[in-house]
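Letters A, B and C mark the chains in the order given here, with residues in each chain numbered from 1 onward.
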Amino acid sequence: MNQPLLVTATQKAGPKLSLAIGAVVLLVLVALPLLSLLPDGHALQVSAYTLTLVGKILCYAIVALALDLVWGYAGLLSLGHGLFFALGGYAMGMYLMREAAGDGLPAFMSFLSWSELPWYWAGTQHFAWAMCLVVLAPGLLALVFGYFAFRSRIKGVYFSIMTQALTFAGMLLFFRNETGFGGNNGFTNFRTLLGFDITAQGTRAVLFLLTVALLVASLYLGWRLARSKFGRVLTALRDAENRLMFCGYDPRGFKLFIWVLSAVLCGLAGALYVPQVGIINPSEMSPTNSIEAAVWVALGGRGTLIGPLLGAGLVNGMKSWFTVAFPEFWLFFLGALFILVTLYLPKGVVGLLKKRGEQ
Amino acid sequence: MPKALYRLLLSLCLLLPLAAHASEAEYFAAAKPNDQARLLQEWAAQPDPARLALLTSLQQGRISPDDNRKLRLNNRLRGLVDNALASHQLLSGDPATRLQAAQQLQKTAQPAQVAFLDRQYATEKDDSVHAALGLALANLQLAAAEPSVRLAAVRLLGETGDPMARTRLEALLDPAVESDAGVRTAAETSLAQVKRKLLVGEILGQAFSGLSLGSILLLAALGLAITFGLLGVINMAHGEMLMLGAYTTYVVQIMVQRYAPGALEFYPLLALPVAFAVSAGVGMALERTVIRHLYGRPLETLLATWGISLILIQAIRLVFGAQNVEVANPAWLSGGIQVLPNLVLPWSRIVIIGFALFVVLLTWLLLNRTRLGLNVRAVTQNRNMAACCGVPTGRVDMLAFGLGSGIAGLGGVALSQIGNVGPDLGQSYIIDSFLVVVLGGVGQLAGSLWAAFGLGIANKLLEPQIGAVLGKILILALIILFIQKRPQGLFALKGRVID
Amino acid sequence: MRFPSIHPEFMLEPIIDEGSGRDAIGLGQVVSPGLDARHGTVLTLEDINVSFDGFKAINGLNLYIGVGELRCIIGPNGAGKTTMMDVITGKTRPTSGKAWFGDTLDLTRMSEVQIAQAGIGRKFQKPTVFEALTVFENLELAQKTDKSVWACLGARLSGEQRTRIDEVLATIRLEPSRNRPAGLLSHGQKQFLEIGMLLMQDPQLLLLDEPVAGMTDAETEFTAELFKSLAGKHSLMVVEHDMGFVGSIADHVTVLHQGSVLAEGSLAQVQADDRVIEVYLGR
């Protein structure tokens, strides 16, 4: 568990097999949006529903990866990553709402009979500024929260609950109409993105490809970090923080860096999620969503780079099947998953596969 | 019937008090609502002790003291009956009755009663009744013709903390209502005075509901603190123990209603042991089956117990439905004590605060005066050492878990009396209760006590000022800042850092 | 074996910048270049008091350690030995008293990280190594170098650094286990690894809490040799219960009792002291 499993697995199973599997998966992911562009009725055409579903799961996979960076490597279990995801999504949503509203006010503001935009909406009609917000909003929040939390050495379950309280507070805040983010309903009814019709197949395909690109980039970033001295310091931090301090490292800086990086990745994932799914509302910030992300990572295998991706894919795949087939039993299943994974799969599916491989 | 004739008959009746008794009742019962109203107003202006019995029976909805037939009155008439009865009760020999009557008159007195009230005011010996009468009179005098009388009345109203005085005085600020500038200025001063007094009542009221929220938090946090101190684990399903307790109360209520309707009044008392048993049983079962296998892995336990809470919530949803269920207050828990004109302390909340303190006392005794408590404390401080000394740590864990969950179940019973009972009930308390544990320090009863009441009051005081949401955020920020200064909580023991 | 000594030209430099409080987040701190210890004492503890809720763990403690000295601290359980180390390394703040590292560094105002970077290394009573990392990586992390976040992001081992790690690996005789996870080492090997990490840190002052606990006789003997070779270039403070070990290394022994110094001198002198016999050695 010490080394990124991608590395160890590559060493063990031979680089060729791993690379081949990776290449096939990547190829399929790139092919999906292209196939969706085929004319209707074509045998190989991928439906918009499938593309959206896979795109959504890819966004969640990025969140899982980001969560794994702080949990698997630095030992900080965040139960508030949904907040960063939603903040990125809301920043993107602000731009989309402005685009849809043209020169006027977004529809929900007219319903509240507001006459002008709140100050924090300033500049959101510009795509570039909205993209800055996608990074800045989750990044700054994570910076401030992390600064105080790590300064007072909050860790373990304390840290987890604090982050949960944070996302809970955020959810309550965004539920209010007066906050200026559409209250209960959040943002929806988007029309165009940079002038392109958001429901057009071409736009969807490009967004999907961007998501794949972000996923690959995050994976590469995670891989580089895990292999660097920085990654080793994080592992050391997770296992013996005091020893590390007496070695002359300041753990706070390291935690803060990975924490903010992780939050920003989540924000980016959220920004790609919103135009694909077409809606963002405060329930994305509910503690349940954030803690569900933790089970993706746990199921896949934390402290590894592919584990979280696998976990996010498995759980969300099952979720979309369950909620159609047996909606009442999904929570039972999810609850049981939480219990079974922690009891019987401490190293996740990847750990299991690795064990099989060794035998 | 021609009106003149009716009037004549009526005055005859009034002139013949002795004979009037029965006939008045008959007249009243037979009259049309409008005439009944006039009659009541006249009685109120000129009370007669002999009529007291009639009015009392009218208030109780009967035709007369001797006739138990039901009498239907509309709301306006019922108000007038109350007013007339109060007028008559002013003649009573008992000061408490007179005080109550005077307070009633403050709300309902009519201009026609001025002369009568004036007379009573002049002769009243009891101080508090005198003051109350003065106020009732002042309310009426606001409509007096002479500005000087109005001015005195306005000043007198300024002395009260009555919410009604505020509306009355506010109306006087309008030049169209009050022509005299001097009275208007006085009204302004008096209004400011009244508002200040009302504010005191409001703040006290908020602090009080904070106390009752605090006692629920206390019951939830107590168990959490015990299990957290013991195992270093946050039981995320702890909130659901609260929920189970509340639903048990609901079930007990229904059972009692069906099988022993006579004892319905006391179903909450019956619910207490049942809820304790249910929650403790579920808690112990969880400890045995899941949590036991996760010792030393706090973060995993967090996830597993969250999974348990999901299952419990969904199970309750399937059995009882996703909607809130109805849990009724028994009569002895409804109503309250009126402390200030705008401050009523509901019995349910008072009882809950007392109950929470009682449970804390019991827990303290249990932890400090029994063998089990000694074992729990020993395992909390040093698990390995305790095990070496022959403490059955496994059993202690289970029992402590049961105890913690059971206390949360009791909290659920208490919560069912003042809040909504729904499947999500526990979720909203788990974060707050954990914050109590953080603030109070682990395993510190006194710390939990102060932190729970402090958080409860802070929550309720901030709510109206800056809104519930911003209040919550502010409290979270304050706690994070607090931890900067005291990482071990309010009441932590210092010691050599052990690695 | 080669241990770099203090470079005189750095001795005049003040080490802590004005205004860098102990709570600053260390995104870009640099390792202090040297230590000003012109007056010959590397560690000065004067009138230190530590109390925990009324219990006095350390009571008016005075202790001076000279440059290059190897000092052994002995004392019965609860004498305040570990608490004293906590005070020196910044883990516990004294209620009152002065603690100076060299002539210029006030330890009571520095954070644990700053103290470690200034050149005080500590080995814990229970060996703590980074169990998930290999032996080599443990040493790599401990190596004296720029330990800021930015430096770690792009750090590459230079040939010189690699050689140094190999040297220490040879010194602590863990050459064959260099790529094993440290968690798989035996207790004695972990002790050596931790000593190796201290060597990599190249501190001015080494605090060693029961370094030979759990070691075989041969290992203990080897450790004694190692410590003796370190003395002179580094200052060492060793807390130990093993009197044989103390006798084989120490020229100077301090006895702690109830949080203050009971006696000081050579082992023979101390062992002859009546008070010491009373509280600790004899019965």
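We adopt the following convention: a contact is a pair of C-beta atoms (placed from the backbone, for glycine too) under 8 Å apart; a residue touches a chain by one contact, two chains touch by 3 or more.
All of these numbers come straight from a predicted model, not from anything done at the bench.
Undergrad: Select the chain whose centre, defined as the mean of its C-alpha atoms, is least distant from the mean of all protein C-alpha atoms.
TA: A
Undergrad: Which chain's C-alpha centroid is most distant from that of subunit B?
TA: Most distant chain from subunit B: C.
Undergrad: Roughly how far is subunit A from subunit C, going centre to centre by Cα mean, in whole Å?
TA: 44
Undergrad: If you average the Cα atoms of subunit B and of subunit C to get two centres, how far apart are those centres in Å?
TA: Chain centroid spacing, subunit B to subunit C, equals 62 Å.
Undergrad: Two-or-more-chain contact residues of subunit C, please, as numbers and ranges.
TA: In subunit C, residues 91, 124, 128 touch at least two other chains, as defined above.
Undergrad: Pull out every residue in subunit A that's touching 2 or more other chains.
TA: Each of 151, 242 in subunit A touches at least two other chains.
Undergrad: Counting only residues that touch at least two other chains, what does the list for subunit B look like?
TA: Expected reply: 499.
Undergrad: Per the contact definition, I'd like the list of subunit C residues that touch subunit A in the complex.
TA: 23, 25-27, 29, 31, 89, 91, 111-113, 116-117, 121-122, 124, 128-134, 137, 140-142, 144, 147-149, 152-155, 181, 197, 201
Undergrad: In the complex, go through subunit A and note every residue touching subunit B.
TA: Subunit A reaches subunit B through residues 71, 77, 79, 145, 148-149, 151-154, 156-158, 160-162, 164-166, 168-169, 172-173, 175-176, 242, 287, 291, 294-295, 298, 328, 331-332, 334-339, 341-343, 346.
Undergrad: Mind pulling up the subunit A residues that touch subunit C in the complex?
TA: The touching residues are 1-2, 147, 150-151, 225, 228-230, 232-233, 235-236, 238-240, 242-250, 252-254, 256-257.
Undergrad: Write out the stretch or stretches of subunit B touching subunit A in their complex.
TA: Those residues of subunit B that touch subunit A are 228, 232-234, 290, 293-294, 297-304, 306-311, 313-315, 318, 427, 431, 434-435, 438, 467-470, 472-473, 476, 480-481, 483-484, 487, 499.
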